[in-house]
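All chains are identified by letter, namely A, B, C, D, E and F, in their written order; residue positions are counted from 1 within each chain.
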Amino acid sequence: MNLGPHAPFIVAAYGIATFVIGALIAWVMLDHRAQLRALDDLELRGVTRRSDRAPEKTA
Amino acid sequence: MTALAALFVRDVRLAIRVGGGGGIGVLFFLIVVTLMPFAIGPDLALLGRIGPAILWLGALLASLLTLDRLLAMDQEDGSLDLMLTGRSPLELAVAAKALAHWLTTGLPLVIAAPLLGLFLNLDLGSSGAVALTLLAGTPALTFIGLIGAALSVTLRRGGLLLAVLVMPLTVPVLIFGVAASNAALVGPLPFGTPFTILCALTLISIVVGTFAAATALRHGME
Amino acid sequence: MPIIDLANPTRFLRFAERALPWLAGLTLLAFAAGLNLTLGAPDDYQQGATVKIMFIHVPSAWLGMGIWALMTIAALGTLVWRHPLADVAAKAAAPVGAAFTLLCLVTGSLWGRPMWGAYWVWDARLTSVLVLFLMYLGVMALWRTVDDPARAGRAAAILTLVGAINLPIIKFSVDWWNTLHQPASVLRLAGPSIHPSILIPLLAMTLAFVLLFLALHLAAMRNEILRRRVRSLMMMQAQTAPGSGS
Amino acid sequence: MRLLGTQLVCVRGGRQVFAGLDFDVGAGEALVVTGRNGAGKSSLLRMIAGFVRTAGGLLELRHGDPELTLPEQAHYLGHQDALKPSLSVAENLDFWARYLGAEAPGRDGLEAVGLGAVAALPAAYLSAGQRRRLSIARLVAVQRPLWLLDEPTSALDRAAQETLAGLMRAHLAGGGLIVAAAHGPIGLADTKELRLEEAP
Amino acid sequence: MTALAALFVRDVRLAIRVGGGGGIGVLFFLIVVTLMPFAIGPDLALLGRIGPAILWLGALLASLLTLDRLLAMDQEDGSLDLMLTGRSPLELAVAAKALAHWLTTGLPLVIAAPLLGLFLNLDLGSSGAVALTLLAGTPALTFIGLIGAALSVTLRRGGLLLAVLVMPLTVPVLIFGVAASNAALVGPLPFGTPFTILCALTLISIVVGTFAAATALRHGME
Amino acid sequence: MRLLGTQLVCVRGGRQVFAGLDFDVGAGEALVVTGRNGAGKSSLLRMIAGFVRTAGGLLELRHGDPELTLPEQAHYLGHQDALKPSLSVAENLDFWARYLGAEAPGRDGLEAVGLGAVAALPAAYLSAGQRRRLSIARLVAVQRPLWLLDEPTSALDRAAQETLAGLMRAHLAGGGLIVAAAHGPIGLADTKELRLEEAP
């Protein structure tokens, strides 16, 4: 495919877009993993999840 | 109404005793004006052209950076608590404080503008026009900054962060303030159009700023 | 109190877990279709192949503004209706919105170099988008520096509402400024003059971008809910730990 | 007049401070709130004053002025004195009296707390106890039915503590209400006590 | 030395938590630069020419207006009292605080300068030169401001007024900073001359500022 | 070790607060300064700590560390807590410990005053008594022979007052000196008293 004289700009635009979108996806996934790990940590230390302690939230 | 008058008088008094009044603002602008020829070179025509812009930028920065103490100090010493037990609407109380702030930092600048215009090689008419735009526009800066001040109270954060949060909001004021000044100085546009918009912006800012600040304070008390 | 009452969010979490894989799949399909159409699009007679940049530039621009509008609605949800998920939605949307606005800025710059001969010009549209980007950063900084989400949420909501005034300004400042300085190069392609051979790939890419945003937003909201759960558990632990009295 | 709290819940910084709290103060009655450091005494007072939002329960002032909210009928005396160091003692009191609703603030308040002699000094020059006395003068300068006092005797010397007790007795005799947080006696004879226990 | 390091770390931490961190500093200047074309109009050549002056003015404002809180806050909450019972010389303690302040408000500007240069249409070499002048000159602003901060602490009434008197001392720094930047950008003067003077001014300011501030604090304690 | 004051004169804000004051505290002794509000108790403590200049008379610490000045050997606990709201409890204590000369600050201080559980919270979240406890933790974190305590029991609950008394006893037993300003008992058995009388 011929992108003409300005090919570097087009390629850079698509490249950067890919990178930014990739970074967003990576951020979301890594963050998810970190939060799950923190929750597991707390559970190991005996702090129970709110949803497992039903009576409290009726107030 | 006497309650609000008392608040206004107290704040003006505090500003004069503690801050030395508008002195710091005026001095800052003197320095800016002295400095500009060094930055640009002794091109008087150019100096006159960008003079209003520089004055406006300086006014903007000075307002925003001093404003975050306006409410924060009242919070730190417990005055804000007591103000909430007062019988005047919080909106009006907050507006009275903003007015006092403008009187002690914005107004001195307006008064000094004709003098500074002299340094910038402006004739008297043009100087008056620039002063007029500042008179019409600086209240908007104060009231926009008020939003930042209220947020900084509720967040217990101050400094540059709050300036950063509200600065984008001041862009339109700056544009029309400078546009009106330039219209008066060099034309070719009529002075009236941007000046009317500037006044409208100020009115909007006063209303929006007052309500947003009061809302922020109400939601942020502890 | 959003942090205390996470009853609805629990249900939301379950929904998110179920919906995310579907949404991701759909997004992938849409991108495949959109990129395929893009490859087939003809070059513009004036701009040559650089018109291909438009297929990411314009959807990013629209999303950048649209996400702030979404945050504005969420802000109303926080302040007026006190919906527990409203500030979660607002907080999760901000980084995504900032990223798309950045993409708009960068691709615009890359387009501007061959078209205008400069990466950056102080044109109204460019500057106002930069201001939008700065406001995104401001809101993110606000969220990041305040540790109590309820407090930060209300403050960010007020800032978002006030900042929404900026959206119409972004739109209309073009007109104010055009009269002063800017050559009309931005507007040359705009309007109904767009040929369907370019319009259809553009719409396809826009659909793909919107789906991508929905997926990212849902995932980020899920993360935020989990983060708050971690925080409130840590708080509870500090409170019930032995020796907290004297 | 009657101040009623039912099943109050207080959450601060995301942490629950107390829950299910009930109390009831009638005209001419004083309620002393006690409890260990961090039990939530100040939080309760700030909640009544309207600074801290209730996370549950109900708070009402019966037979009060229907035109005014609860905070607008209360005096709050907290740890912070709300004094501006660069204003004089008289100016400070004057401002608060006017702002809180006095018609013509006089100097009686200052004399009552023994600060008449220093009225012209800047508040920055005051000692800790003098600052506290100045705050107390506010209670006298403006009439309000409900007094919320957070450790009112701290930093006061014996004489000032007695002055304060006298003021409180007069306020109660006039049908006023007092809610005070304290770690020791506050100088009143018969008071109700509300003990905040260890958080759950 | 650990005592001073602890003080330095605390102040940096406070600035980051309260002010939103060094990133906010960069953001602040980014916004200042963004505002400029709104004020002056998008004339790239003109922007490039007065850009350094605007950056310098912004740095001056941000330094001076945030500095007076630097010591005042420590006094209000009693930290300054305790600092006097520490075993490190007050001069060094005060210098550590100033350094922390510069690191959180001055340095971000230096780092952002090349990026801002891009917006102002400067080439990389010139941007680097401007950044270099800022690196050399902003410490002088901080340390001169330190004198004002110390005075405003010790003289509760009208303290800021005296801080204003300190401001003219910053004028030479500004003049040589801008002159060096312009020399690098447009010539015709050599870059070295004003730059050397700028460095000398900074060194003098650091020494004089530190000693003056410590003396003011010692004499002003109550 | 011995702290001696001879014919001290104090002038603040142009007004003479006290004059001709003599006192003398030996190792293991506690001096309680009393007097009405504004008598000059805090001024005396601040004078010993080096914040207020003597307008006459002599102040010396005999047999102390000759390399250090008097303020450098003293702990000052005033009305202000010197806490930064945005730093955590542990960070606040850590900083002061390091700055005042501790080699390796531990968390013992926090445990001693019952703040172990809130170590990670920002200091802004503390109640008045908890703030005070945190200030007291400083006294333990760094060893200094002379303690200057300005109304140390204010805002503390019973338990914390006893903790503080215990710390003071231990300090005295180790040969330390205490000068405290107070309006009531501070929980120590035999103390010297210095009564500041009405200013002339």
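Details
Operating definition for what follows: a contact is a pair of C-beta atoms (placed from the backbone, for glycine too) under 8 Å apart; a residue touches a chain by one contact, two chains touch by 3 or more.
Note that this is a predicted model, so its numbers are computed, not measured.
The two sequence copies subunit D and subunit F touch through a face in which the numbers common to both exceed half of the numbers used overall. For the pairs C-D and A-C, the count of C-beta pairs in contact is higher at A-C. Between subunit C and subunit E the centroid-to-centroid distance comes to 35 Å (mean Cα coordinates, whole Å).
Taking each chain's centre as the mean of its C-alpha atoms, subunit D lies 29 Å from subunit F. The mean-CA centres of subunit D and subunit E are about 44 angstrom from one another, to the nearest whole unit. Residues of subunit C in contact with two or more other chains: 4, 131, 134, 137-138, 141, 145, 232, 236, 238-239, 244-246. Counting only residues that touch two or more partner chains, subunit B has 17-18, 76, 156-157, 161, 164, 167-168, 171, 175. Annotation for subunit F: residues touching 2 or more other chains are 12, 79, 86, 118, 121, 157, 159-160. The part of subunit E that touches subunit F in the complex is made up of residues 2-3, 5-7, 9-10, 13-14, 17-18, 76-79, 81-88, 221-222.
Within the complex, the subunit E residues that touch subunit B are 15, 18-20, 24-25, 27-28, 31-32, 35-36, 38-40, 46, 49-50, 52-54, 57-58, 60-62, 65-66, 69, 76, 105, 156-161, 163-164, 167-168, 170-171, 174-175, 178-179, 182. Those residues of subunit C that touch subunit B in the shared complex are 79, 128, 131, 134-135, 137-139, 141-142, 145-146, 151-152, 154-155, 158-159, 161-163, 165-166, 169, 173, 176. Residues of subunit B touching subunit C in their complex: 147, 151, 154-155, 157, 161, 164-165, 167-169, 171-172, 175, 208, 212, 215-216, 219-220. Residue ranges of subunit D in contact with subunit C, taken from their complex: 11, 13-16, 36-38, 55, 198-200.
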